[in-house]
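Each of the two complexes below includes subunit A, the first together with subunit B, the second together with subunit C.
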Partner chain A sequence: MNHASVDSPVPEPALYGPDTGHEDHAHSPHLAHHFDTMEQQYDSGKLGMWVFLATELLMFGGLFCAYSVYRANHPEVFLYAHSYLSTMWGAINTTVLLASSLTMAWAVRCSQLNQQKALVALLLATLVGGAGFMCIKALEYNHKFEIDLGPGRYNQYNVDYKGNEEFPGMTNSEGMKALLEQEKAFAPHQLPIVAPASQPSRAGLYFDPNSTGADKALITPRYSADAALSESQIPQTSDHIGAKKPGPESESVDEEHDKGIQFVDMNSNLSRQRVNTFFGIYYCMTGLHGIHVIVGMSLIFWIMWRAATSAQRVWMPPLPVLAVGGYMIFIWAISHVTGFLYVGIPLLIVGLLWMVLRFVTAKRSGPVTEGEFSDAYFVPVDLVGLYWHLVDLIWIFLFPLLYLIHGKVGS
Partner chain B sequence: MSTVNPSVPIRPLTEPVVHGDNYLNHQRGILSWIFTLDHKRIGIMYMIGVMSAFALGGFFAMMLRTELLTPGPTFSSNATTAWDFYNNMFTLHGAVMVFLFIIPAVPAILGNFVMPLMLGAKDVAFPRLNLLSLYCWIGGGIFFVYVLLSGVIHSITGFTMPGGYGLDTGWTFYTPYSTTTSSSVIAATFGAFILGFSSILTGVNFIATIHTLRPKGMTWFKLPLFCWSLYATSVIQILATPVLAITLLLLIAERALGVGIFDPHLGGDPVLYQHFFWFYSHPAVYIMILPGMGVISEIIATFTHKHIFGYKFIALSSLAIALLGFLVWGHHMFVSGQSSVTNAIFSAITVLIAIPSAIKVFNWMATMYGGSIRMNTPFCYALGFIGLFTIGGLTGLPLAAISTDVHLTDTYFVVAHFHYVMVGSMLFAFIGGMYYWYPKMFGKMYNDKVGRYLCLAVYLGFNLTFFPQFIAGTNGMPRRYASYPDQYQIYHVLSSIGAYSMGLALVGVLINWVQGLRKGPVAAANPWGANTLEWETTSPPPHDNFAVAPEAGDPYEMTRWKQVGDYEWVINPDYKPGLNPHH
Partner chain C sequence: MPSTPSIYREQIEGSPAATEPAHAGHGHDDGHGHGPGHVPGDLHAHVVAPYILIAVFAALVALTGLTVGVTYFDFGYNINLIVALSIAVVKSVLVVLFFMHLKWDSPFYSFIVTLCLVFIGIFIIFTILDTGAYAPILTPTNVQPG
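Presenting the complex of A and B:
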């Protein structure tokens, strides 16, 4: 235990290079006062991060558990409803996220090898990956909203919670009852078809995949397609999702039993909610994951800033503003909700002006200062990388759970 | 105990050189407290906050007992007002005591202050995270208390605080009531969510600290038992709290978005909520009790002046309790429609927890046997802890056995049982720990004699409060009821009298501490003759804790007192703790 500090002009050995056996006596500027060595600090940080990741896993574990119980209780709903999701987009998103994990891991290696330029470039690539993931997610969410599979439809009866717009002055149970009455009275097959055949009706309270009319989904549910249901084959019993179709009752549903999907216990007017049953947990899981992606992207930006040289830092600060502006415009482009445009364009303009301003006012004189990370100090890059891999890992579980549901119900 | 371990250096009992600089006066000004990264100051700030929360929860406990003095409405002639008031009050009492007092009490106050000192470290592993944890506690606490108080105020005065509609679900937020009630469930659960973050961050910090900041010579089995118990607590905190977090998020999603994971109307399962909730909240019971057990281990070892008996068993039983604690949540749901097989399994594992708990109690008793006991205030609280914990633990068995539990579910028997464990054990451990480390924290000494009498008063008041509840519960008095048949009145009156006396005694404890701060004699660095490292530095400790990093030996090696000729001083019951015989 010799605490004597050695003041020598000899350059410090790399702490995590090949010769870690060395004790550092000249304190690194990154060493916090309560640690004795950089190694101890590194171990603490790494352990703390792993423990934190364990808490994240437990948190998502709760969601996975809720998913399992929900799916066990409603296998037919999950099997049916998941076919509104596009496996292809899900797979593309998985690839995008995996690729960003690769660039992140590569970035950590670059920081350990003192490759400063590559470090910044790879972190930027990771950011782009994260942004791409969120864009595809927006695309998918938007599609669900368009076919009335958004969250929140079925809480409006709750007068006690937030004033009731549909049934003012009613209690919960009265409001729910009135809502059901209203839905019972609603008969989409009797409504005149006004929308073009390729567009789903947004006027409908729900969406009937067996309908051949205006309510047709943008994405045809896969299992119905596999079963190749012709008009005459479509089961006509009230056991199936949606309201009864006019016409003679068909008795022969047994042979469809194995091919298509039987919706047991679907004869109530609650049936249309049951697609929302799946999408409730879908939004919970992917939403919480999306929040984690955004947090991860913020952390990566922070790391990129610290890794950047003084020259690179010129163009970096406006980057988040530009990204959010661009994202808003992307959302506008897919949803046509003009509000996003009104936010996105000003953000984009502000971001661009800011960047130009920074280039104009940047000081050209003086040497370019280095980024913060090197083989002697790369803990933050490492820890953010771990976090990003966790975000990636959770998606790898979410993808099959939500997009790749197989199996037959009732057989 | 005459063998001398040559590897343990004989440390002089004399106080290290007192230099005026300590953590309290190292920096001055309010900002130096707000932005401090010093674990000791953070511990002190937690102490002020947690004790305020305790005062609030305690005040409403008295109010509850007042309402229960008569079988009918007491506070208002209008029964609806009185019942509404009662519902809001018991929710406030339970929620504040659980989330704002018991869970952070020992880990966040004593753990923060003492644990790095015990390790001979300068701080916890992540000081900034520690401060963030404090502010999560303050932020979540403000949210939480605002909502709860708004309900109490509204129910009795009719005045609505902006945005606050109270909470009348009880601290458990059970669905489907919590998704249909008109009270502010979202705001309250959001508060609890933030408080959960505080708990998680403390847990992460403590685990990293105990792993990486132990000094030279302190192997895992030379770790003080208080650190072992904090370690086990932290494991529970990081593994259980996230599940509560996601449960509360789902509850919020259910109310705000109509998602319906727990609502049978939307295809959900209300019992799933109970599973989730108790998956956190049963281990949380051990978050509450384990650090208290650690405190008691320290106190008993110090005041018996004998090596702690069965060190490894006490240490590992903490971990055993932490792990088994994750497997018993179903015993809260014996009558919620679980299958009999599930009930039987949960019942069996619940009974298993008695084993590590009893290991601790027997080892403490074996430590006391033949020891040179000095009856100072902390030791009195430790004795109280053992007695009350034994009653609390043994009354847990009829609740763990399904056949008797069906009768006792949701009666005052349950209320009395968990108050014996949480108040009787945990509060005693907390107060005992505060008395034990008080000289280290403030460098002053309280009036020990008064402290002992107050301990007796708290003990008697506590038993008067809660013992009648066992009888009332066995006779069928259900919990959470504001109104009851006349035959139960005698138990309620006795219980209320006990509650008032215990409340008065606790005010006395506070006065005792404040008087110690104002007028108490200056405390020595090691007034009790304890052997753990926190006593190796000055009282109060300097900003950096130790001038020279201490080297650790066996924390319970008590032989050195004899070697340096101070044994008489150490065991003399007439010794005045404030005076150091070497000065």
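Presenting the complex of A and C:
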């Protein structure tokens, strides 16, 4: 064996005079005491990370299960509700996340090859990708809030019914119940396709997801095929909203239906009512994913700090403050909620002052501390990279499941 | 002797930074780091070639375009779902194999992930089977005990 010929000439450094460097080699500064070799340490770290990633997958598995059960039982609700999401922004966000995954994978490569400057640059690029993803996510969430499709009780279908002419003096739950009773007694000839002008608060019920502007004011009866459904097509059990058995008549559906959205044997108004459940799932899945993006960005920043030389560390500490401040101002710019401005501007000022201070007080001379990672030790970069790829992996499934629902229900 | 991938060896030796290791006592210049004089127990991880990274990224972007483009064709609700999910599976396999190094890593990590996915599959399939096992409406006929 080769290693025998390498190791055997120096069996005991103590016996053979001064250390030849092998003693240092056997005790790498990065080797923790409870590991025998660097390889064992590396493999243990990776094993631990993969087990952790498996638990992450199981956690998301619960949400995917909720999604699957609801979609299996109410395909028409998903078909209707998903059209509130912008496929274009979803695709752009997918690409942004994929690009940041590329830079992360490349950063791991750089850390293995002692390319310190490229490592820091690529980690920074990954952070920019993550920030871009969060900005697009904020744009999308803001759009949902604007059309009253907020999370939980902020969803338009949980609005305050007290002010509603149709259900005077009712509490929210009573109003919801009354609304459901009304839906149960649904008959197509009674369905108001165009919302009466006297019901502005329920205008969103008839909001057309495919319209381009004037979301709340303009109410277009896009789904006019609802009215075209004859009495015979409505199942006798009108509260059976699962579209399991489409009648033969359901094939003849208005050509105007974009993206093949059809409501076959169910009360189509109900799927509008159930839009909030779709968005409950949407907010849980994309929200938990968004939290993972933020955690991943924090970890990448930590890794970037450790990878940096003392000269590069000058500009790093204020970056998170600037990033959060900038993000708050971005949210204010799209939502016009002034609270974000009050948080964002001070953060931005503090961050900029801190940055100036860092450069003014930076040491111009003296030894420059090297970055921590090299071909001998790059486990943290590798493991954080794995986490970031998992975030990408989840999104790869979220994108088609939430944004790309298509086809005829029951086909 | 454990073989070090040739691409790794070449780049280590060709890299200017490789001649000045960040940590004294552990470099390649002592002949024990990497290459022919590899010591068992020493760290040797696979380095992914740039062309693989770029090719995988290009494939992922192309598949994203495909999964969007395929929604313009109506194959039916279920077929469309299957197509979208198949593309997502291909994409995730690319990410896991190449970006996450599983292609070159210990198969035990792949085993952990596969086992995890199997259990998620059992979880979801059995839950859906269960929700399909109930009558949508309770009427006297289907509520009465047999």
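Here, the second predicted complex is superposed on the first by the 264 of 411 C-alpha atoms of A that agree within 3 Å, B and C clash if a C-alpha of one lies under 4 Å from a C-alpha of the other, contacts with A are read in each partner's own complex, and residues count from 1 in each chain.
The working rule: a residue touches a chain if its C-beta (ideal position, glycine included) is under 8 Å from a C-beta of that chain, and two chains touch if they have at least 3 such contacts.
Since the structure is predicted, the reported quantities are computational estimates derived from the model, not experimental observations.
Enquirer: After lining up the shared chain so the two structures overlap, which partner does A:G61 touch, if you call subunit B first and subunit C second: first, second, both or neither?
Expert: both
Enquirer: Return first, second, both or neither, reflecting whether A:T277 touches subunit B, subunit C, both chains, or no partner chain.
Expert: Touch partner of A:T277: subunit B, not subunit C.
Enquirer: Of the partners subunit B and subunit C, which touch A:V77 in the superposed model: first, second, both, neither?
Expert: In the superposed model, A:V77 contacts subunit B only, not subunit C.
Enquirer: Counting residues of subunit A touched by each partner, does subunit B or subunit C come out ahead?
Expert: Higher number of touched subunit A residues: C.
Enquirer: Counting only touches as set out at the top, which of subunit B and subunit C does A:L386 meet: first, second, both, neither?
Expert: Once the two structures are laid over each other on A, A:L386 reaches subunit C alone.
Enquirer: When the two structures are overlaid on chain A, which partner does A:E146 contact: first (subunit B), second (subunit C), both, or neither?
Expert: Neither subunit B nor subunit C is touched by A:E146.
Enquirer: Considering only touches as defined above, state whether A:Y377 meets subunit B (first), subunit C (second), both or neither.
Expert: Only subunit C is touched by A:Y377; subunit B is not.
Enquirer: Can A:H34 be said to touch subunit B (first), subunit C (second), both, or neither?
Expert: first
Enquirer: Under the contact rule defined above, give the subunit A residues that sit at the interface with subunit B and also at the interface with subunit C.
Expert: 1, 40, 43, 47, 51, 54, 57-58, 61-62, 65, 69, 73
Enquirer: How about subunit A: which of its residues touch subunit C in the complex?
Expert: 1-3, 6-7, 21-22, 24-25, 28-30, 36-40, 42-43, 46-47, 50-51, 53-54, 57-58, 61-62, 64-65, 68-69, 72-73, 75, 79, 87, 91, 94-95, 98-99, 101-102, 104-106, 108-109, 112-116, 237, 239-240, 242, 259-260, 370-371, 373-378, 382, 385-386, 389, 392-393, 396-397, 399-401, 404-411
Enquirer: What residues of subunit A sit close enough to touch subunit B in their complex?
Expert: 1, 32-35, 40, 43-45, 47-48, 51-52, 54-63, 65-66, 69-70, 73-74, 77, 151-156, 158, 160-161, 172, 176, 270, 273-274, 276-277, 280-281, 283-284, 288
Enquirer: Can you check the complex and tell me which residues of subunit C touch subunit A?
Expert: Contacts found on subunit C: 1, 8, 11-12, 15, 17-18, 21-28, 30-34, 36-45, 47-48, 50, 53-54, 56-57, 60-61, 64-65, 67-68, 71, 74-81, 84-85, 87-88, 91-92, 95-96, 98-101, 105-106, 108-109, 112-113, 115-117, 119-120, 123-124, 127-128, 131-132, 136-137.
Enquirer: Show which residues of subunit B lie in contact with subunit A when the two form their complex.
Expert: Those residues of subunit B that touch subunit A are 121-127, 129, 180-182, 200, 203-205, 207-209, 211-213, 216, 238-243, 245-247, 249-250, 253, 255-261, 265-269, 272, 276, 544, 549.
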